[in-house]
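Chain naming follows the written order as A, B, C and D, and within any one chain the residues start at number 1.
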Amino acid sequence: MASPLILINFKSYREGAGNNAGQIGTAAELVMQESGVTIGVAPQFTELHPFCKHYEIPVYAQHIDPVEGAFTGRVPAFTVRAAGCVGSLINHSERRLTIADIEATVAAAKFHHLESVVCTNNAAVSAAAALFAPTYVAIEPPELIGSGISVATANPEIIQSSVEGVHRVNPEVKVLCGAGIQSGECVKKALELGADGVLLASSVVKAKDPEAVLRDLISKI
Amino acid sequence: MASPLILINFKSYREGAGNNAGQIGTAAELVMQESGVTIGVAPQFTELHPFCKHYEIPVYAQHIDPVEGAFTGRVPAFTVRAAGCVGSLINHSERRLTIADIEATVAAAKFHHLESVVCTNNAAVSAAAALFAPTYVAIEPPELIGSGISVATANPEIIQSSVEGVHRVNPEVKVLCGAGIQSGECVKKALELGADGVLLASSVVKAKDPEAVLRDLISKI
Amino acid sequence: MASPLILINFKSYREGAGNNAGQIGTAAELVMQESGVTIGVAPQFTELHPFCKHYEIPVYAQHIDPVEGAFTGRVPAFTVRAAGCVGSLINHSERRLTIADIEATVAAAKFHHLESVVCTNNAAVSAAAALFAPTYVAIEPPELIGSGISVATANPEIIQSSVEGVHRVNPEVKVLCGAGIQSGECVKKALELGADGVLLASSVVKAKDPEAVLRDLISKI
Amino acid sequence: MASPLILINFKSYREGAGNNAGQIGTAAELVMQESGVTIGVAPQFTELHPFCKHYEIPVYAQHIDPVEGAFTGRVPAFTVRAAGCVGSLINHSERRLTIADIEATVAAAKFHHLESVVCTNNAAVSAAAALFAPTYVAIEPPELIGSGISVATANPEIIQSSVEGVHRVNPEVKVLCGAGIQSGECVKKALELGADGVLLASSVVKAKDPEAVLRDLISKI
């Protein structure tokens, strides 16, 4: 069986930039090599290029646009691929897209050989997103984002119903579980509920010791 | 008197990425060194970091967001500064912002010691933008963008009235002239009409010989 | 079998307001009574109330928002219901929504006993929209909108694949066919391809004689 | 001297619809007739038409769009005018617009003989908005909206600096003061600080006795 994915979103956090970002990258690489668990990172756009050059962990963009040509200030999928990324978040709750754009962006990701991680807010939207056949659907109940309350504990049914709904539509689409993931216990629970990994942010990015948090996260897999 | 600014927007053009982007960077650096005319570039986000490392020309972002923290898929001003940029386009016609966000973004640019180039569509909006005291207002009549018709020829009054309106509000704010700029003749006309430089895209980025186009652009200054 | 639905979107056309709107309403009522074919109208927001009072045809809003409370300048579903409407367009190509908002808006429509007509741009998005179990999915290929070229003639496969995709997801969801519908021949073709009706705008709203156009539209059903 | 304007925004409040809306309308009409103070209302779109027919108070839209033609789900200025409104809010904090759209919307309002009330968030944006010569600029510091804390008490400088900034740009533009207005004392303070009226919402719309609140609001003018 393939390894689960632990995906760290750096958002626009100060702690997700500069030296601190480097520390997280180093820690992720180390823990991934030691444990064999895949640890991906989604740094800020300007750091995608140096991250892909310096680290051997999979690097994701936080957003891509399905465009090329006369579009200023966008993030064309092809530039993210050229920087060396393996994939991208799409439709994060802090960067919502129209349904037409989600479909076009998943298609653009495929065209450029990028994994697509479509973020969703409930089971119905997760199933709808699965119809576009992305690599992952990442379910994050909005009321739990940044709450410090793990979705796996607070709302296990939403994960189960999302996993079921996604697989009913397309059994090849993998499911990530987001919102409130903080510990190895949360990760274990998420995997037991049928998720193929987790998407998390502040609990790693704002940690005093990211390496310790990463070791804890993978400890019960 | 300070040099005028020739600012090249790479947009999401394929020709503004990879090797071709490098060729434009090299040509811009060469022509700037020889002529003393400031030539700035606005590459794609993922290429800001390598551009700032490899070239001695001023590098601008195509867009910045006045945020830090839990914002996914945004372009925080501080990351653009950390990459080595000197400034950013703001409110390009292909990436319009609310008036509240323009004000906040110009302020964020100042805070991070970045030049701000606020794009506008007519004389009234140019004057309003000048009230936020950005470094530049770049006037681009929407009907001329990508038209191949130079604003300096087709609509000289809009440049004059924009320059006057901007300077009435704040004489320190400089004015760039955009839309349809293609030749040294256009640049000359724009400067005669009171502009402090030009903003252009496809005529350099899609040129077979960008160096020749750049030489022509600065030839009548 | 239930009657097909001929749904007329008045958009922001001048011809869809005032006396002209009244003429279309009168013609629709007459043709509906004579033929038994359901003819719905989607007037402008300020005219929903008088239309529902004066005509016995089903009236739809052009857009609703799934909100109530401190939201200024929105169109809460409950206000549209209170005005007497039977349903609303959702996610029209000229008013695109995020996937989360489409799901929430279809749910709000149900809660307020309103029919939901979710507009889509291709077969994949149609199937995804069907997962939210709206009353109708209205497929309108963007390249044909306002083209004068009937989707039923130009691109019959997109209707067929949308009907199939929608029914595979949920056989209760009905399909409207939009873009380029102009004549009874187009309507007949659309119904043969499996659609339950058509969504159209300018060919009725801008017609010199809307009654004649409506009679033609229903002539081959 | 002209009367100050007390403008009541019904937002998407349930209490701003149906019978309750009627009660507010009746109370506003009564208090306006008795006191001579202008009391305007901004009901929900579907109720603009009946409000204009039933009441002799000035009615405003909560938002207008500077469009006509193939735009679905928008609120064309001409439809608001045809319904009998005297003006519209523009760029409310819950419905922010691009700077280009604000300029175009103020122009559309003028063209259709509608008053324009441009909402702003601070003194700099207020001055910029004044450059478009709207009828009113309504300053609402975002941190005070819905706070129950009156801007006139909490942050009198922002009103003064907005009034000064607006009048420096264009002395004909009037200023409304929003956010946290609840009592005659607040209104008095706002007028003393140079405002020409107030913009408020929940303290009237959600009041048990709107007539009593309206009488209090105008009691110290």
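Everything below uses one rule, namely that a residue touches a chain if its C-beta (ideal position, glycine included) is under 8 Å from a C-beta of that chain, and two chains touch if they have at least 3 such contacts.
Every value quoted in this text rests on a predicted model; they were computed, and no experiment measured them.
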item: C-D, A-B or A-C - pair sharing over half of the B-D contact pairs; value: A-C
item: Where chain A and chain B are represented by their mean Cα positions, the distance between them in whole Å; value: 34
item: Centre-to-centre distance between chain C and chain A (centres being mean Cα positions), rounded to whole Å; value: 37
item: Chain B-chain C separation of Cα centroids, rounded to whole Å; value: 43
item: Per-residue multi-chain contacts in chain C, two or more chains; value: none
item: Topology of the chain contact graph, where touching chains are joined (line, ring, star, complete, other); value: ring
item: Chain pairs in mutual contact under the definition given at the outset; value: A-B, A-C, B-D, C-D
item: Interface residues, chain D side, partner chain C - complex; value: 9, 11-14, 17-18, 44-50, 61-63, 65, 67-76, 78-80, 82-83, 89, 92-95, 146, 201-202
item: Footprint of chain A on chain C - complex, ascending; value: 91, 96-103, 120-122, 124-125, 127-129, 131-132, 169
